[in-house]
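Two complexes come next, and they have one chain in common, chain A, joined by chain B in the first and chain C in the second.
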Partner chain A sequence: MDITFKNVTYTYQPNTPFEHTALENMSFHVKSGSFVAIIGHTGSGKSTLLSHLNGLQVPTEGEVTIGDYRLSREHKPSDLKELRSKVGVVFQYPEHQLFEETVEKDIAFGPENFGVPESDIKKRIEKASRAVGLSPELLKRSPFELSGGQMRRVAIAGVLAVSPEVLVLDEPTAGLDPRGQKEMMDMFYQLHREEGLTTVLVTHSMEDALKYADYVIILNKGAKYMEGRPEEVFTQKEALQKVQLDVPEIVQFLTAFNQKFHTSIPFQKQSEKELARSIQQVLKGDEEK
Partner chain B sequence: MENKPLIQFKNVSFRYNDKAPWVLDNVSFTIEEDEWVAIIGHNGSGKSTIAKLINGLLFPQKGEILISGKKVDEESVWEIRKEVGMVFQNPDNQFVGATVQDDVAFGMENRGIPREEMIKRIDETLKAVGMSDYRLTEPHRLSGGQKQRVAIASVLAISPKVLILDEATAMLDPNGRKEIMQTVSSILDERNFALITITHDLEEIVQADRVIVMNNGQVWDEAKPRDIFTKKEALREIGLDVPFVAILADELKQYGIPLPKEPLNHGELLEDLWTLHLRT
Partner chain C sequence: MNSIIIGQYVPGDSIIHRMDPRTKITIIFFFIFIVFFANNVTSYGLLVVFAALSVFLSKVPLQFIAKGLTPIWFLVAFTFILHLFVTKEGELFFDFWIFEFYTGGVMQGLAISVRFFLLILVTSLLTLTTTPMEITDAIEDMLRPLNKVKFPVHELALMMSISLRFIPTLMQETEKISKAQASRGVDFKNGPIKARIKAVVPLLVPLFVSAFKRAEELAMAMEARGYQGGYGRSKLRQLQIGKIDIMVYLVFIAVIAGLFLTRTYG
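Right after this comes the complex of A and B.
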């Protein structure tokens, strides 16, 4: 589903002493089927932006369009249920939301609420738990007996079981160990490709944004600060540092190398191997002189 | 440098109950005074259990743990805790005071430190972590990184011999992480204590004097960071990360570039490449 923000402003507690504008005149477009990373440090408006994606919040000014849904102050659909069945949100530390007696029941909670017929639910549970890598023998267990990583997978399976078209991920790997982080991101990426999802990832990790996203939006103080393809955005070191963000390590190294060796190897999302080859050519060039 | 052992683990095994698997299995190591040791390992490898055993939150079923030569047991535990300061992962779970200065005072009050001395130490420790301007601030108004800095000040105020940071930066954003590690290294320059960082963060590992790698409850390796990162494939196999600069160095070697050492940061690798460049 296409997602469009048009001049969206969101103000908390307007006309009170606590008035606080979290989003200001924000416009952007996310193409259906793309993988977008939203980056910004604490307080930049990421969470407020996310809660507009499934109608938890409605713009104070401007308009949000998600597929056929229009959300604005004047135009608030009376039934948000259908929208919410199409936009699955994985909040931070989603395992804190588990509550059922068994893993199976917890995964079934979402689809049951959205009126998926009983006969389909079993299939949905199987598919979702397979997608997140939960083995079938865990389904009858209490989710509270599982490890932290497994609990998170159960919570994510609950979101997937609703079969969303848009998947919103709010720092989904926080607190996992390096292998857990990689497995989780690879899993989301595979789902994104196989199911043709539109994926919105909120992250602090420039490395993840570089690796998985095809479009990057940088927020600062409630406004859009930069946007573009990762290789365009992540090479603008000075602009990013102004808002206390770093460029990915490979870009840092490449920039330093180019300065020291007076070369101009461009950043093209190359792997370490490809970068090593370019460096070798610079050094080999020396030998031929 | 003349170093004395501060923490000794001698054939320590631990499990949560008789039927549970061993979380630590025959673990032995020594940490010396003034040493910075990083303990790494995948989730469930036993890292945090080590921290809890050091200050007597848990006791081992087999083997013994000595702090400054004293055995950690139910009798010595109150003495031991004066020497061991810990900061945990979640900044919101470790505040008791209504203001920042009350919070720093709390640990000292429990140890019966005289008022004059408490005031002096509050000043000193808040200054050390760069939080002097926030003495009267309510803790919930602080950012995650600021909270962890106050938590560190509270621990430093009781002058421990060892400070343990148990994934203390894991819930912070990259800036918060940087803040904490800069604070910690500047304090280390001025004060004498051992530092144990339990972490996944590669930058924290690189800064340590020594790294203990845990895997399935056992010490898998114990070496300087530089030596640890030469074992890239093996580290990946046990679920750990390898820094970008180590990966790049490996690829460069594959292309026949004779790097003289395992680089720990961008600067070192650039210098080595520059030297090779000048030689040709």
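Right after this comes the complex of A and C.
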């Protein structure tokens, strides 16, 4: 589903001393089927933006369009259930939302609410738990007996079981160990490819954004600061440093390398291996001269 | 939920903000008493002026206070109307169908409404200009004499400050979890009562789980930092009666004196 923000402004507690504008005149477009990373510091409006994606918050000004859904102050659909069944949101620390007696019941909770027929639910539990790598014998256990990482997988399976078309991820790897982080991101990327999802990833990690996203939006103090393809955005070191963001390591390395050896290998989102190969070629070419 | 201002602190540096919390509590305590002694226009006027002056000095935006008092208007209006119908004193001045309105009823209704309004206004001014921590510090200090009868004043104050401290945290948590469950298709606003009551379960269970976890972590952190109760514990924030407080006390005593004068002669 296409997602469009048109001049969206959101203000918390308007007309009080606590008035706070979290989003200001934000416009962008996310193409259906793309993987978008949203990057910004704490307080840059990421979470507020995210709540607009399934109608948890409705813009104070401006308009959000998600698929056929139009959300604005004048136009507030009373029934957001259908939208929410199509936009799955994995919040930060999603394991905090677990409440059922067994893992299985918790995963089934979303589909039941959205009226998925009983016969389908079993299949969906199976599929979702396989996707997140939960072993079947855990399904009958209480989610509160599991380890933190497993709990998170259960929570994510609960979102996936609704089989959304848009998947919104708010720092899904926070608090996991490096291996767990990689596993989780790879899993989301695979789902994104296989199911043809539109994925919106909110992250602090430049590396993840570079690796998985095909479009990057950088927020600063509630406004859009930069946007573009990752290889365009991440090579603008000065602009990024102005908002205290770092260039990804691989770009840093390549810039330093190019300077040192007076080469000009362009950055095209190559993997470490590809880059190593082109460096090898350049260096060998130098020797032959 | 945002319209409730009782318990919400508005940061500032006004005279009212800088007053010692004990002074504020003492004055409000006595104010609540003397409100019931006012018996004529002059004496009510005096109290209204005092309250208005406090609000003015606190520099809390008026429209914010007005907005916060909106839930109270209903109660005030209700008591007024009740008095209008029930009190049958003074002269009959209006007569409609089976209802008879008396001047006494109007006066009584007005008086009660003003009282009510003043009480709420002054008490909300306390929480608007005083942090919860200051209030607990003040209460701990003021209850100290009870230590003599083995009343655990410090523990009580600690319990109070911990619960106050965690109100915003738990509210945030509630909001977070309700957002997560709403995204999973829970509808907290529409549907039959039974479904809505059932919708609370997915909210309450995670909330309790996290509250217990938090309590455990807090207890551990306190123990790790050597907390062992109130005895011999020094304080970071010392309460001190300053010039402002003395002046405020004097003004307040003048108000009380004025009130009793106008009450008898006004």
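Quick note on the criterion: the second predicted complex is superposed on the first by the 284 of 289 C-alpha atoms of A that agree within 3 Å, B and C clash if a C-alpha of one lies under 4 Å from a C-alpha of the other, contacts with A are read in each partner's own complex, and residues count from 1 in each chain.
Criterion: a residue touches a chain if its C-beta (ideal position, glycine included) is under 8 Å from a C-beta of that chain, and two chains touch if they have at least 3 such contacts.
Everything numeric in this text was worked out from a predicted model, so none of it was measured.
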For this session: Would you sort A:G222 into first (chain B), second (chain C), both or neither based on which partner it touches?
Result: neither
Problem set entry | First, second, both or neither for A:S51, with chain B first and chain C second | second
Exercise. In the superposed arrangement, does A:G62 touch chain B (first), chain C (second), both or neither?
Worked result: neither
For this session: Would you check which partner chain A:L275 touches, where first means chain B only, second means chain C only, and both and neither mean what they say?
Result: first
Exercise. Now for A:G148: first (chain B), second (chain C), both, or neither, which partner does it touch?
Worked result: first
For this session: In the overlay, answer first, second, both or neither for which of chain B and chain C A:D177 touches.
Result: first
For this session: Name the contact category of A:F91: first (chain B only), second (chain C only), both, or neither.
Result: second
Problem set entry | Contact footprint of chain B on chain A as seen in their complex | 41-42, 147-149, 174-180, 204, 244-246, 249-250, 252-253, 256-257, 260-261, 272-273, 275-277, 279-280, 282-283, 286-287
Exercise. Taking the complex as given, what residues does chain B use to touch chain A?
Worked result: 42-44, 89, 143-144, 170-171, 173-176, 200, 239-241, 244-245, 247-248, 250-252, 254-257, 266, 269-270, 273-274, 276-277, 280
For this session: Show which residues of chain A lie in contact with chain C when the two form their complex.
Result: 13, 15-17, 51, 54, 56, 78-79, 81, 84-85, 87-89, 91, 94, 96-99, 109-110, 112-114, 144, 158-159, 162
For this session: Write out the stretch or stretches of chain C touching chain A in their complex.
Result: 2, 10, 60-61, 63-64, 67, 173, 176-177, 179-187, 190, 201-202, 205-206, 209-210
